[in-house]
Amino acid sequence: MNTNTTRFDRRQILKAASGLGLVALGTSMVPSMAFAAWNKAAFEAKGMSDTYNALGAGSPSNSNDIQIVASDIAENGAVVPVTAVSKIPNTEQISILVEKNPSALAALFDLTADVVPEITTRIKMGQTSNVTVLVKAGGKYYTATKEIKVTLGGCGG
Amino acid sequence: MMTFKKKTTVVLSLLAAMTAGSVLAAPPALPKDGSWGSGAGDANFDTMMQSGFQSKGIATTERLKQDPTQKLCSNPTTIYSAKNTALREKLQGENEASIKYPSNGNWLGNWKNGEKIAQSGKGLTWSDKAGEANGGNCYNCHQITKEELAYGTIGPSLYNYGKLRGNSEETIRYTWGKIFNAKATNICSLMPRAGAMGVLNEDQIRDLMALLLDPESPVNK
Amino acid sequence: MRAPHIKASLFVVIALAFSVSSQAQQDSTSAGIEAYREALQDGNPADLYVDSGAEIWKKKAGPKEASLEKCDLGLGPGKVKGAYAQLPRYFKDTNKVQDLESRLLTCMEKLQGVDTTEIVKAAFSSPKKADLVALSAYISAESKGMKVKVSLAHPKERQMYDLGRRLFYYEAGPYDFACATCHGQDGKRIRLQDLPYIPSAEGAAKGWTTWPAYRVSSGQMWSMQWRINDCFRQQRFPEPIYASDVTVAISSFMAGNSNGSVMQTPGIKR
Amino acid sequence: MANPMKIRATNKDGITEIKILMNHEMETGQRKDASGNLIPAWFINEVNVDLNGKSVLKAEWGPSVSKNPYMAFKVKGGKAGDKVVCTWTDNKGDKRTDEATVS
């Protein structure tokens, strides 16, 4: 019916992944247009540490003051609702990263002091993966991580 | 004490009624005689079916023609009625006779291939192409390995199938027959007749057999 | 004599132990999926189609340069509020029982002078059907929160319901599938999707009152006709013709069964 | 031209909740069309939200934000009648601005 895959069938996985547009080609197809703010390097970085570097986050430390509100299982990887909550004082930026996506960084939010540090959005996930919320507060970076399982849906036709 | 109990029961059943949503009126019941209502007799129904479908890709309107088993199983009121006893036995015999056991004496193939076949729900829709291998659709209805969480529950769990049943000749033969033509043992089984209808070939059935019965298969771990 | 007995009870114990743990696993999976569906409810992209459908309703189109605003969906010309909750229904002017989409085709022909042949033939994802899909989002939203009230009083309405019920049980094709194969029992699921038991009022309501819906898997808005079309595809049947009696009959069966339940349209689905 | 967004903004107890649904394909650049050609990437990459003429939130997105993006957040302050303005820009340079009134 849609992006049904088998964990054993590579051809099907690739097919499904390309359905979501998440094969390992990265973002090479992105037309390079100059944007004042958009952090191209961070959005094209592969893997977590390269992404942290591109964001200037170095090696962020774990924090219990960050919560990731999301279901443990997503019925479809094309739309995974995630709410990122930071209880760290002076939170100025919240980013959402998906470790196993071709480019880890999905979204980044710069908050003014008036914004409650609690952002809801929806992201794509190519497969079951750790999802990390990276918070910048008072110039320092902190993270929290949660695994979200992506399951198969439909009758697989 | 009695009154309290009574009250609780009333409240509980009220709650149950509310959560079950039984405030809704029951839909019209099917006629007990096996008919479909005065406007839905054979002539009207056939007209609707013939004018309402079109061939698309490999799914032609030929597929609407029922074989006697499909016809029997299309009326829930009369499947098990006494007047159909002889017909049921006859059709079950025909389905049993359709089973072809392995031509080369090999019953078990490769469980890894079997897992792929069990996962795949592809095949025989109008968006599939002729000649492509069909999937088994097994996970749509059965739990099979423990690792796959996305399994259906229309059929029984097959996890530990071989571990629980062993692999006597009888079990092996029964399992083959079930995959090949489930209607040989249960005339209106909901399971497709994978072998008899040509959905899966002999090699594919062997691989599914291995998935269920091979001690090395994750099903039996 | 003794050994087989012990063996048998051991088997029962193992089977029981297994079914308990399997049940627990199934429950935690279901809970996760439930949380996922809950999170989807807020911010349904179907709302974007509701807005564009409302525009299309008012837009002049076709050889007659007319809008659909005078279209009679059963409550009188131009009355949209609550109309969807009472469809399908019998229409005197066409002498037919029509669902929303077959009725919209009638209005396009009569009011706008549009030849709908190509629209009927077009694929659901084609721009030719896009207007109907958006209109179904808009019109169904105008019945949100209202109770399904589908009449089976007219002989043709009752006939359509009965034909739909017969079709529901009709088994054919290479997989021996009928609608009833998957939707004929309560409490079952396919993969992780719960399967509503359509012959019951509650089951029919689960399906009928939540379509049309936005499907996150495809990122598409699906009308009821589209949903039904894809059911028959999965059933390995030939294709039901758009707006044919086959599609209206199965809708009449679902809608008639879900009378009294509350419309939650447009929905959002996996 | 891009289709309109849907913005809902409500104030309760001095907190303004803003929910925005955008109309966009969010094409990743890695999918193939029916004839096997790559569909070029096309996604919103910058978002700005103003409350009463003052920018309160800026977002940068990649192509793995879902199709028809949704975003919800809360702002301290604001009141009924205030204006919320959202602007997005995509990687093709297309732009869309919509506004709503806080209720």
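Some observations on this one:
A, B, C and D label the chains in the order they appear, each numbered from 1.
We adopt the following convention: a residue touches a chain if its C-beta (ideal position, glycine included) is under 8 Å from a C-beta of that chain, and two chains touch if they have at least 3 such contacts.
From a predicted model like this one, the values you see are computed outputs, not experimental measurements.
Central chain (C-alpha centroid nearest the global protein C-alpha centroid): C. The most distant chain from chain D, with centres taken as the mean of CA atoms, is B. Centroids built from CA atoms put chain D at 46 Å from chain B. A straight line joining the Cα centres of chain A and chain B is 40 Å long. With centres set at the average Cα position, the gap from chain A to chain D is 17 Å.
Inter-chain spacing, taken between the CA centroids of chain B and chain C, is 23 Å.
Looking at chain D, residues 66-67, 70, 72 sit in touch with two or more other chains. For chain C, the set of residues that touch two or more other chains comprises 29, 42-43, 190-192, 216, 219, 233-234.
Each of residues 125, 127, 137, 139-140, 149-150 in chain B touches at least two other chains. Across the assembly, chains come into contact as A-B, A-C, A-D, B-C, C-D. Against chain A, the residues of chain B that register as touching in their complex are 112, 115-116, 119-123, 125, 127-128, 135, 137, 139-140, 147-150.
Against chain C, in their complex, chain A makes its touches with residues 1-3, 70-76, 78-81, 120, 122, 149, 151-157. Chain contact summary for the complex, chain A toward chain B: residues 1, 4-9, 12, 73, 149, 151-157. Looking at the complex, you find that chain A touches chain D at residues 18-23, 25, 27-31, 33, 35, 37-39, 43, 78-81, 98, 101-103, 105-112, 114-116, 118-125. Of all the residues in chain C, the ones that touch chain B in their complex are 11, 14-15, 18-19, 22, 25-26, 29, 152, 155-156, 158-163, 165-167, 169-178, 180-182, 184-185, 187-192, 195, 199-202, 204-205, 233-234, 236-241, 244-247, 249, 256-261.
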